[in-house]
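What follows is subunit A paired twice: with subunit B in the first complex and subunit C in the second.
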Partner chain A sequence: MKIVKVTAMWCMSCLSMKKVWRKVFKEYTDLEIVDLDYDFNEEEVKQYNVGAILPELIIFKDGKEIKRIIGEKNKSELFAIMGELNEEN
Partner chain B sequence: MIYLDYSATTPVNNEVLEAYTKFNQDYFANPNSNHELGLLTKQKIEEATEDIKKVLGVDAFEVIYTSGATEANNLALKGYALSNDHLGKHIITTPYEHSSVTTCLNYLEKCGFEVDVLDIDKTGLIDLDELEELIREDTILVSIALINSELGIKQNLEKITTILKKYPHVRFHSDMTQAIGKQKVDLSKVDLITFSAHKFYGLKGIGVLLRRKNLSLTPVVHGGKSTSIFRGGTPPAPLINSLAVALKLAYNDFDNKLKHIQSLYDYLCNNLLPQIECANINYKFGIPQIVNVSFTKMGAGKLQKELSKKHILISTQTACSSDSSFSVTVKKITSSDTLAETSVRISLSHLTKKAELDELITAIKEILNENS
Partner chain C sequence: MKRIKQLILILVLGLLINPFFSLVKAENQINISFFYSSTCLHCHDMRDYLGELQLEYSNITVDYYEVNDGDNMDLLNRVATVFDQSAEIPTVVIGGISFVGYNSQIHLDLENTIIRYSDNDFVDIMDKILSQVDVLITDIDSIERDVIKLPFIGEIEIESLSLFLGAVILGLVDGFNPCAMWVLIFLISMLINMKDRKRMWAIGVTFLFTSAFVYFLIMVSWLQLAVSLVTVTWLRYLIGLIALVFGGYNVYKFIKNRNVDVGCEVTNDKQRKKIIERIKDIVKKRSLVIALLGVVLLAVTVNLIELACSAGLPLLYTQILAYNDLTTGMYFFYIGVYILLFLIDDLIIFTIAMVTMRVTGISNKYSRYSTIIGGVIMLIIGVLLIFFPNIIMFNF
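Moving on to the complex of A and B:
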């Protein structure tokens, strides 16, 4: 799976999520993470139609978008989402 | 025009502006120059600095002048963290910080620091037990704004400093930008304090970092001789003097000013807003200068725009959102998307008149009726 992670330097929710992402994503060895900054990577971010709330995680499987995770999630919520995605795919 | 956005910035006090103009004429020399006027200008800076220390009761601190609160927060956070990374790389903060704090902390994360963000309870206050639980041997800094700019949440400084006193290896930074000039604050137990003059009727372009004297910092702005080794550049003597004047004026007749603001807050929240069915006050325990309210029948951005057409100025907030009509801060405290999409901030001053609030409510009623 590939995760495009859109964050911003001014975004406190993005800062809050960093620790959760570290804990959850280290459990998945096959993840490709692409970090995009909402302001510094403006053109690339536009292509993904990012909404009003950050952070936004866009998840791809075999080149196809399969899920978007928007805003803050706790560790259990994120594990649950990742678990579902793995089962479905 | 009815200005109700005093938490964003304040109109400059005439006395401050006059003092600034006169100072520019009388003491225009570079304070680093060793001639008569340079030395006199330097002396005036020292006098202003002593005035600031006296008003705030901060004898044990160095007053470092910056271009504003953003730079002061940069120097406090990046300056302290980068200078003390040999002691540890763990920092604790809250979800309700100003973007200038958030941006610095995101930057420090990229530099290898680890940042924990505290939970808040239903009254917007940080979880004090969690604060104590999160402190580790490598925790070097806790950064908590005394007052949140969007909702007016005031954290319990005494309880926070009582906890931190038990951990002398942890230093405490507080962004006091929304507090200085608006509240009387005991700064004696804080290590790094930041604020700017334009929030209390001073001029834009000058801010302060108060540094407890034994703390080391890595400068963010390097340059020539200044009033501090931690911030380079020619000292802006007229701005420094104007900040001292503004600060003294802000605390002059303070109790009466605060009493007036409290009466305005009560009038707005208890008499006027209940007249509008779709109005929801999002936070009721904050400082009286800030009223955060949602008018659920209209998006925040649209209401702000419509009021602006009628020359009534309020604000919306955009923290963690690319869209001005959604407030993550309001979502956090209310758990409601509707309230977060429709929240506006009305910020009051001792200059605000009761009649202005009447006009505001009449205008909101008209706008809501026209768009229903």
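Moving on to the complex of A and C:
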């Protein structure tokens, strides 16, 4: 799976989510994570049609978008989403 | 038979009315001395108010002293010396108390003093001054205010405690408003990349101090305006209405967004980019002095721009302060407390970043709570301003 993580340097929610992401994503060995900054990687961000709430995680499987996770999520919520995605695919 | 019925009726009515008569105690006669000038606006307001009081309380008389006539100015100077105050107009002396100036608080204090003196003994200092009898320090009275006793602190006036708690709560709620916070976060993130702690401290502290100073100046100027217009009733209604609109909007925003994902809202791309470029420019500057000047300008601009986002609570707090007759020092003290609490989350984030060299984020769900708490507070203050202004003045 590939996760495109769109965050911003000024965004409190993105900062507060860092710890949760670290804890959850280390449990998955086959993840490819791409970090994009809303202001510094403007052109790439535009390609993904990102909405008005940050952070936004766009998840791809075999090159196909399968899920978007918008805003703050706690550890158990994120584990549940990732578990569901693994089961489905 | 008819006459007997009439007699019984008179007797019964007499018996019913009699207890009321026996309860009514003869009220003390109160003499009020009023120093004024025919050209002073507040003196006109005070004169009208004293006229209203005379209609309401039959036991008061008012002696008028136009300070430009005869020896009245000398008399006012003697009054000022006795009460250790400046000889200003309007001045009103009742018993052992002297009131200088005119505002809503004096309104209430004057009436409360009349009520108190009507049933209690008091020393008429004006009578002593006119009779050239020495005024003793014990003759001077003071306004009675409600006092409560707190552990460790001791006795404290309800008014002071309420204003202090108001500053703490409103400042804290206002501080969680994310409008200007993003600039500090971005600035800290850029500074951390520099890995120069001294420079980081200097630029960060300058930003926070300037933000606090700008907010202080804004609140002081609002307060000044509010104090000068405190007796204008329609303005109280207008501000009450503004509070209801702002408060209602916050509550609406909370309800509308309650199911929307918690996160950072991306708004006003153009303005954000401009500010980001300015921060990048400041951080790149080789000369610390120029960088500091840049950050001062940045803090001023950001706080002025973002003021529209969080004007409600500071505006209402200054209005509450204006309704309470305080010294300039005390006004500054309460505004200082408000600003300290307003900046407390910024200070915590900045200090942690400086010590750990890592930027910590506070979840945006707290700013969502601050929206609803702030909204409800504004609604309550709005209702109080319009319907129960005495509560705002802490005169229960």
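Going forward, the second predicted complex is superposed on the first by the 89 of 89 C-alpha atoms of A that agree within 3 Å, B and C clash if a C-alpha of one lies under 4 Å from a C-alpha of the other, contacts with A are read in each partner's own complex, and residues count from 1 in each chain.
Note that a residue touches a chain if its C-beta (ideal position, glycine included) is under 8 Å from a C-beta of that chain, and two chains touch if they have at least 3 such contacts.
This structure is a prediction, so every number in the text was calculated from the model and none was measured.
In the superposition on chain A, A:Ala80 contacts neither subunit B nor subunit C. Once the two complexes are laid over each other on the shared chain, residue contacts for A:Ile70 go to subunit C alone; subunit B is not touched. Contacts of A:Cys14 after superposition on the shared chain: both subunit B and subunit C are touched. Contacts of A:Val34 after superposition on the shared chain: neither subunit B nor subunit C is touched. In the superposition on chain A, subunit A positions 8-16, 18, 38, 52-54, 71 are in contact with subunit B in one complex as well as with subunit C in the other.
Put simply, subunit A touches subunit B in their complex at residues 7-16, 18-19, 38, 50-54, 71. Subunit C meets subunit A in the complex at residues 178, 181-183, 185-186, 189-190, 260-267, 272-273, 276, 359-365, 367. Residues 93, 95-97, 99, 102-103, 105-107, 109, 114-117, 319-323, 325-326, 328 of subunit B are the ones touching subunit A in the complex.
The touching residues of subunit A, when paired with subunit C in their complex, are 8-18, 38-39, 52-55, 70-72.
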